[in-house]
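What follows are several structures.
What follows is chain A paired twice: with chain B in the first complex and chain C in the second.
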Partner chain A sequence: MKRIVLALALLLPALPVHGALRVFACEPEWAALIRELAGDRAEVFSATTAQQDPHRIEARPSLIAQLRRADLLVCTGAELEAGWLPMLLRRANNAKVQIGAAGHFEAAAHVELLEKPARADRADGDVHAAGNPHLHLDPRNIARVARALSARLAELDAANAATYQARHDDFQQRWRQAIERWEASAAPLRGVPVVVAHRSWPYLLRWLGLEEVAALEPKPGVPPNSGHLAEVLALAQARRVPMALYAAYQDPRPARWLAERSEVTAVELPFTVGGGGSADLFELFELTVTRLLEARR
Partner chain B sequence: MSAGLEWSIIGPAFLAGLVVLATHVPLGREVLARGIVFIDLAIAQIAALGVIAAYGLGLEDSPWAIQAAAAGAALLGALLMTWTERRWPQLQEALIGTAFVLAASGGLLLLAGSPHGGEHLKDLLAGQILWVSYAEVGAVALVSALLLAARAYLARRASRAGFYLIFAVAVTASVQLVGVYLVFASLIVPALACRGLDTARALPLGFALGALGYGLGLLVSAWRDLPSGPVIVWTLAALALPCGLALRRRPLSPRRARPQGVDARGP
Partner chain C sequence: MRRAFLVVSGLAAGLSLPVAHGQQSAGNAFNPAISLVLSGQYASYGYDPAEFALPGFQLGGEAHPKPEGLSADHTELVLSANIDHRFYGQVSAALATHDDETKVELEEAFVETLGLPAGLGVKFGRFRSGLGYINQQHGHAWDFVDAPLPVQAFLGGGYYDDGLRLSWLAPTDTMLEISVEALRGRRFPAADEGGGAPGAYTASIKVGGDVGASHSWQAGISGLWASPRQRGGGHAHGHDDHDHDHAAHFSGDSDLLVLDLVWKWAPGGNAAGRGLVLQSEYFQRREDGAVEVAHGDHSHHADYRGTQRGWYGQAVYRFSPRWRAGLRYDRLWSDNRGDPELLAEAGLADGGSLWRASAMLDFATSEFARLRLQYTRDETQPKADDQWLLQYVMALGAHGAHGF
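And now, the complex of A and B:
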């Protein structure tokens, strides 16, 4: 008996703060944001990594186990996780994180989405009816989501509301300064034409004032065909496009194909926290802006 | 990490595996005897083609219409294969392979016009065993029981069309439950390990081997937190290999001295 007590006592320092919120994040960017806003008050699990396509994931037992014990689920929403989250929610069967519960947080509900289709026509490709879900690539959206998420943390864990408020204020201040810094250094990118692999970047492009002249996929989710590629190539040469963007988790071959036949540089961007070795949200945007500026030269 | 090691998490997946094995162990023996190993890939792909066509016709809102399209296409494919086996028996394997690539690339051509079918196509071919609920296992178990009854009835008549039709429905149902890799492994691997035995011994042994493979695979997947489907494929193969080798070394008794695979129902 004594030995068991001793063993348990030795285990204690390894555990997070007693009563910490258990957070299940669908994507690494939201896990990173929770770490900023809650620190050691939350124990965070990220369902996907920067090397994975968040549209689809392989089912692992830990996904069900983690969601089952979660107090809060933080996802992008806007149908990004439509391919797996409904099945996972059903299998986890945890009332705290079901749609409509306080423990179910969707970032897309707190920002204005781009590319909302005027008509939801299947003929236009793999279009999300709610709008483009890759909203985290505009840092001003991160600030908006942070505000709502911090309020949600305070609601779920009222005893620590003051801590969340203080961490949030501190984060917002550092984030504002960082945005000013990035915007100043990215000024030369304004008006630069770019080609994208998949339409993952509208928020980043709008923030920095880059212009998307073409996508290598003729419609989202449809592989390129020869006629479309010839058009993109002609356009890239005519507009003297300097770069083609693709995410760390995407196939680099279409962008490289274009780079071999024109002046275009294929640029791999981290896309989310963990991509390109970025450790947090600050490094994610730092690295993104740096890579874009390098390719501009 | 062993956070996933709970019956409520891996239990439905294990039962799904047993249901799939119930039809696939006997069917796999027959597939091996006929030398048409890739037929399940072809049938699954043809079922997917039917689903894409249903999307093209605007039927995507009715799950029953999608299931009917998948089963209908698979049954048409099965009838076609029954006919080709009668017409060109030596070419059957090559024709099945060709049917597979035609169905797969035909699907891509149709998708160029209606890409939203692509999502469902991937769901159909890449069923994920961990997402399975008890209700889904129950539904497929019912279908499997009906198929086994039909097979027992048809066995007395050595019906070629019966085999292909039962096979088409079994594969279409199980592929949505566990995905195409596990369907292939459940069909071929236990049959391969027990190919030297007569049916009365091969079926129970194949089923036990399969059940052990699924159970061990799910445990390893929970223990190492790896995707369950691919792990089960590997544990099935890892168990089948020594089993198959041990059975081969045993001298054939007169009862088993017949050419392999020739059953009461042989072609």
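And now, the complex of A and C:
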């Protein structure tokens, strides 16, 4: 018995020395946003990395353990995490982060979603009834989510509300300037036709004025097949498409296949913080715009 | 039969209604998530599955193999939703056909707490016991067509029961979950005729974590303590109308230990592409009591002590987003003591080397549809058998969230 107690004691981590908020972010972009808004007031854990497909995460024991101790959960919502988050919430035995609690924050609730399907039918592939969930790739959405998230931080940790407000104002100012800079440098991308691997990019494309002419996946979530790729190839040649976009976590082979047979350049975009070595939200968009401009040339 | 069909077709019709979203305030916006799993298979055996027996093991529950030939014998309906901010509820019912009769089997009907403090959780109603690893999975989540041999032998294909579960999740980086269950003990391997006290108890400890970004694991140790009374009917001879029909019943104590280990690898932790899952469970059961064999009007009974062990190990490799291949090896041993003649009549005489090896290949058109081919070499029956199974598993409706 004594040995068991000792073993349990060894599993316990050192008690937190200060009252930092423990934040469980479903995706790296929200972990990065929390770092901007809360600084060292928050201890952030990201459930996924830029190398992982956020649709297809396992409800792993390590994630259950992290969510058990979280004060705040920050996720995209719009069914992006439908395959794993509900299981984590049930297994984590944590009242603070359940749906409806102050510690449960979904970004999609604060943004107008694109591509709401006219019908919800699985024959159309892995479509999300609420709309396309990859909303973080429009930096103006990041600003909207930041406003709501900052307010939520202040609600959960009222003692530091002034700190959150000050950090938020500072972030919004730097973010506005960055958006203006990116928009100015990305002007040559306006109207450029692109092929995408998965429908991950509608928010980015709308922001920069690029035009999506085809997807390498025949239907969302269905891997490319040769018949469909041949059609995309013909279309890319006819429309003189300069680039095919894929995320760091996606299989590069279909885009490279297209690049070998046409003028198309296969462009790996970071998709989220950590992809392409980006360290924060600013670097994410900086790198995205740079890679698009390089491929345009 | 017809009523069951009407229920299902009514629910299926519900599935095709447009999904309510946005600011719409329709009365059906709060409907539970509904998922209907269609599964069926073609199976070919060298023996009659109704005659299936495992020497040294008293069978119960759904231990028998799937029917031979073409069959769509198991359709599962799962409904789930948050009840309010404190409770989550789930029902799963299987429409199963046995001997030309379709029955609704209520496999789960439970409520789970969402908001208890200090990492505590309570689950009550009817649910799959948290014993071991695979026992908590629905059949459609299995990687092979059938349950591993020890799960068939020790848990009757899967142990669910009515009761209460209390769990505690430790506030640690490495997951540590301790849970105990008090169950009615109605189903195999328990068999309690009633009375006020629970007929079975379980306890389990689960630990798990990650190793780097690409590996994750979970290990568990569980125990089941039951005191079956007149447990029987599962032995193959009890199923037919032979002249030598003799039902065997066991009464006494039945204690089961289960060890489980799961290890998953995916490059960079991205399970959408390639990945490997290694999974193994070890079962050890001690039974101590008496066996009673009925011959028409009179019955014999004698003391019986049995130790039975079994394990399975499997590896499933996803080599492209849609294709997986897997191997599994199952093994059982028994060491039963008692009156040899009576043990033989009860099907409890030691059967020597019982093993089975399977290979499978499956293809998924999407997350919702899977086709699977399986070959099994079965060395558990008097004659070694080569078996081929072709299965489909398709899910309509809500996107279910699966456990690790």
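The criterion applied here is as follows: the second predicted complex is superposed on the first by the 277 of 297 C-alpha atoms of A that agree within 3 Å, B and C clash if a C-alpha of one lies under 4 Å from a C-alpha of the other, contacts with A are read in each partner's own complex, and residues count from 1 in each chain.
Everything below uses one rule, namely that a residue touches a chain if its C-beta (ideal position, glycine included) is under 8 Å from a C-beta of that chain, and two chains touch if they have at least 3 such contacts.
This is a predicted model, so every value here is computed, not measured.
With both complexes brought onto chain A, simultaneous placement of chain B and chain C is prevented by a clash. Looking at the shared chain after the overlay, A:I179 reaches neither chain B nor chain C. Residue contacts after overlaying the shared chain place A:D53 against chain C, while chain B stays out of touching range. Of the two partner chains placed around the shared chain by superposition, chain B is the only one that A:N225 touches, whereas chain C remains out of contact.
After overlaying the two complexes on the shared chain, residue contacts for A:L287 are found with neither chain B nor chain C.
With both structures placed on the common chain, the touch criterion links A:M87 to chain B and to chain C. Which of chain B and chain C touches more residues of chain A: that partner is C.
Look at A:I64: by the touch rule set out above, it reaches both chain B and chain C.
Annotation: chain A residues 56, 58-62, 64-66, 68, 83-84, 87, 90-91, 122, 125-126, 221-223 touch chain B in one complex and chain C in the other.
Those residues of chain C whose C-beta lies close enough to touch chain A in the complex are 18-19, 21-22, 82, 85, 88, 112, 114-117, 119-121, 167-177, 206-210, 213, 216-218, 264, 268-273, 320-322, 365-368, 396, 399-404. Put simply, chain B touches chain A in their complex at residues 1, 3-6, 9-10, 55, 60, 108, 111-116, 118-119, 122-123, 128-131, 133, 218, 221-222, 225-230. Chain contact summary for the complex, chain A toward chain C: residues 8, 11-13, 48-49, 51-53, 55-62, 64-66, 68-69, 79, 82-87, 89-95, 98-101, 116, 119-120, 122, 125-126, 129-130, 221-223, 249, 251. Considering their complex, residues 56, 58-66, 68, 83-84, 87-88, 90-91, 122-123, 125-126, 219-223, 225 of chain A touch chain B.
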